[in-house]
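As written, the chain order gives the labels A, B, C, D and E, with residue 1 at the start of each chain.
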């Protein structure tokens, strides 16, 4: 199979308006991925499936990943010429930057016909609150039907174009999305004889003065 | 139950239901099969809309056994997730462990000694024997034989579980593989036990086939029932024996060539019709191939360490990055997708469950058949709810 | 529908019916209460704490309350509180011991991760499975006293493993003594620099 | 109508009759006919009640042994008290009647079913002199009683007012009606050859042995064997036994028309099923296996009712054996098997029997021709119809992936 | 013996009457079956076993099924209540007059026939003789009824077969 860069160049050549970037993967597995812009995602997916050189006809895995807002502290080194003519001093400035979070959907594509893969596609939503719609790839690969419903159910990504977007694992009346990083589980805490660590914290919140009782 | 609106009348694309429903005048009967039903292999529910005896619409409902296995994986260390993978597809704990170990080894770039690779192949093939004989037993139980084939299958399964127990300590929750090898080095008499089981398994399969494969009633009940076309199977991400029964030659042991599989020669059986009978027969033939692999693996089992000496047990922190590892489990392609951010807990821990995705085509298979067929089709697709709901 | 397949099937069931009377392979049933199952040596169910001697279990516990198993336990069902004072362990060194060591067996899933990560071979897997209690929290919470079992019991249920563990512990103790002797000899041979040799780390 | 040359009955043969006469001797003459009637009824109920009890145990034991497990052996010695334990369990279980059910019919259905299935025993000759009622049209009476059981199943299905029960009742009726025809057509050749409808006469017609060893049972003639096989398949379907146990197919419609029954009524339904099965097997023994006739002259000393019992038990064990092995047929396959396979075969069997009776006079070489033609008339249609019925169904050869 | 006879007639008439009165169709159909059994009992009393068992086999076995299936499959329109028109003097008079005419015809027939004194028993016929009679002198009648029945059966199948062309006017 061609490398990710070659595929990116061919995609950019074929879809001039599309935004296709390579996300390198530092781990020894060497499975680098392609970050696609949401607008042309479905056409690119259709092309990847039908292109004779790639023929990625099996969408093996669809995964939701939650990247919450991250406070990035960057230390930039700037050389400041000393006004008194002395040696130039190197000054580090710490600039605090709030990187906007997003919900990401990762597709692992394989080719049964040509026996190669995986090609990893990444689609990112605008942000984690209101712009959470992404184009659904179920019309291209039917395998995404249940897995996209699961990403909607557990992460809250709305897939536009999905034939039957409902919750699949949680019951229909459930409101929140449990797999998000900032999910707070309901306080159905049940007393445990040996609370320690996270459970102890929850026990303290639940019973204001439980500490003595918790000792066996 | 909301009144059945007319929109569902149009059968989904690619299904072979004749458009006879436009002039129907009898009212439709909505039956809910499950979650507490004798033949749904666990807490799985199908809302079936019947027009007389034939199925017009089938909506699978699951989530009754959902424990959010992936959130657990994110809050515990890499090692602590290993015993939880036993609880995914609770029939095949060895292959679940291997898939997770493979993904972590690919994430961290660990090497696995040859003896461990061979041992993993032996355990995976034993699990395949166990799973396929279980399936054949349950399928026949749904067809109506009052438990006889199921008991024969379970008699053989017990022998394999005893082997797992004497090696890993527990029959079904083995927690046996580690990142970079296996936990326990099998003793000589354990290997002799496996050899004895492999020699005896062929006789069991002959007896099982004599009981069922030529049985006219079984053939009448399963041939031509639940036909799955190859293109639909590929597009729906169906993997494992269900895909091979539709004639698609896709077996990860040959395609990916992971572990020690390239060193064994075995064949991959394919079906031509993609119906329930083919799905049953492909699994029976796969069992015979597994016996061949076991024989070769036992003959050429190398000596040496079973654990990569450099692999650290505690405080295992793979470098930042992500990896997707998959193996050919008995039910299909089971994969683990791990994103690591350098901390001892994985940032994202995703399981690619074959049963869950194979259910995508359940409605397409059942349309136009009767309730009795739907039960058999579900049995032939072979799902385990621990893996479907995670 | 010529019925030949059906007759073949009937022949198989008949063979099994007759076989179940004379062929033990065709009647593997174990009638449980009367016939106890022979558990394989590797069988594991619920951990227990190893104590050197049977007479004074609390005094000779191997556990040094390092709380590694508490951190590594997947379902977090172990709860340890260190003791304030110390007590001499088998090699005579002063070691901390667990004042409170509790395992909640209603949560424990016998996955033996604690046994694997314990550097002091002080927690091993038991083979007890027929345990039924009347109420959920009181009796399923095994305290230190209920968990402690002598090394002889460990030899009884896991013979080969226990022998292997004892051999390794003896070798470590031997190595520690040699180092201490060598250090003492080196100290006496070179009296000038009173360098205090680093005491042997926990026998691992 | 006892055949002339019968050896003087041994003491054991007449024992039951002498016992009965001894007991009725105590009563005044006017009540004696009532006493004999009552004793016969009590005897039949006792024998077949016990047979029902131990048949359930035998079923679970044999099914267990076939499945490599010992079967119930905890209650009593080797599990012998298991049926009584089940009986007590059925009695103590609460008898739940759903509120919206139709109380009268719901109560009446099991009662009618058991009554009808017991009626059949009146005409079956258990021994040379042991027949409850000497009827001229005995076989017709037997099938008339059998035909009414559908009514009771319909009442059970309709009275529970439950969607599943009604659906299952309809299925049960369709199955019973479509298998009534092969059942009746199967016994017509026997009546044609025996020349009478009375069961005792039919058994007498099967008396005698050629060369002292080969009995003249109808099953040993080509048309008789075909009739016997059709009769047994139809009997399996009539008594809802596997592979035709569709009505209470547990994997689909929970417990069919028995869904809303519990406690002793549920046990009554099973009692009725077992009585029906025993009655049908008894009739099959009478019609085809020579009732109480001994298989060869030398064994005449063993009392006749012992032979009847032995044959009945072999047939019942055959039912259990089939239940343990064969999967269930689907509804449409079941009715197609009846209408397109069994009914035509039974009609052709009528022809073979007619040919057989017309050529009764042939002797010597012609005897072989007669057998050959009869066998051809039986085997030919069986193979042709069988092949047409399972046209698209055959074991397949599988290919392997090339890579 | 007369007591038994009276009991049977009471059974037949009572079950027929109650069958008319009941609103629940299924109950009345089952009571109808009861009256058929009564008639079969009559045949038995008269010694004609063959006819009695034939009656049970045909009526109780088959025709009751047809009646019940008919009742089940033709679902009554739930909402249209059967409204019985108000009772007027004219209708009562007409009813009485009709009843009177029928009663007089029956009474005349019973009175004019001369019943022979002794209650003679029916001739002792075995089934074999019956068969011989049917196949011999009455063979023609037997064959004709056979043909009629098959024609009726085929007709029923043709009518009940699903109509191939969709009937536009039938929108439920």
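Throughout what follows, contacts are C-beta pairs under 8 Å (C-beta built on N, C-alpha and C of every residue); 3 or more make two chains touch, one makes a residue touch a chain.
This structure is a prediction, so every number in the text was calculated from the model and none was measured.
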Margin query: In terms of touching chains, how many steps apart are chain A and chain D, taking the shortest path?
Written below: 2
Checklist line | Interchain contact steps from chain B to chain C (minimum; 1 if touching) | finding: 1
Notebook entry, point to check: Using the mean of all protein Cα atoms as the middle point, what chain has its own Cα mean nearest that point?
Noted result: B
Next item on the list: By the contact definition above, name the pair with the higher C-beta contact count: A-C or A-B.
Entry: A-B
Next item on the list: Average the CA atoms of each chain to get its centre, and name the chain whose centre is farthest from that of chain B.
Entry: E
Item checked: Farthest chain relative to chain A (centres taken as mean CA coordinates) -> E
Notebook entry, point to check: For chain D and chain E, what's the span in angstrom between their mean Cα positions?
Noted result: 31
Item checked: Chain centre separation in whole Å, for chain D relative to chain B (CA means) -> 44
Margin query: Can you compute the centre-to-centre distance for chain A and chain E, using the mean CA position of each chain? Integer Å is fine.
Written below: 78
Notebook entry, point to check: At what distance in angstrom does the C-alpha mean of chain E lie from that of chain B?
Noted result: 62
Margin query: At least two partner chains per residue is the criterion; list those residues in chain D.
Written below: 66-69, 324-326, 390, 395
Checklist line | Multi-chain contact residues (two or more partners), chain C | finding: 1-3, 5-6, 9, 12-13, 16, 28
Next item on the list: Could you check chain E for residues that touch two or more other chains and list them?
Entry: none
Note to self: Please output the residues of chain B touching chain C within their complex, sorted ascending.
What the structure shows: 76-77, 79-84, 148, 152, 155, 158, 162, 165-170, 173, 175, 183-184, 207, 210-220, 313-314
Check: Can you list the chain B residues touching chain A in their complex?
Finding: 62-63, 66, 68, 70-71, 75, 106-109, 232, 234-239, 248, 250, 255, 318-326, 333, 335, 337, 339-340, 348, 350, 352, 356-357, 359-361, 389-390
Next item on the list: Spell out the part of chain C that touches chain A in their complex, as residue ranges.
Entry: 70, 76-79, 100, 102-104, 107, 137, 141, 143
Item checked: Parts of chain B lying in touch with chain D, wherever the complex brings them together -> 29, 31, 38-39, 53, 140-148, 151-152, 155, 211, 213-221, 223-224, 244, 249, 251, 254, 267-273, 277-278, 281-282, 285, 370-373, 375
Note to self: Can you tell me which positions in chain E touch chain D when the two form their complex?
What the structure shows: 24, 26-27, 30, 33, 49-50, 53-54, 56-57, 60-62, 64-65, 68-69, 72, 126-128
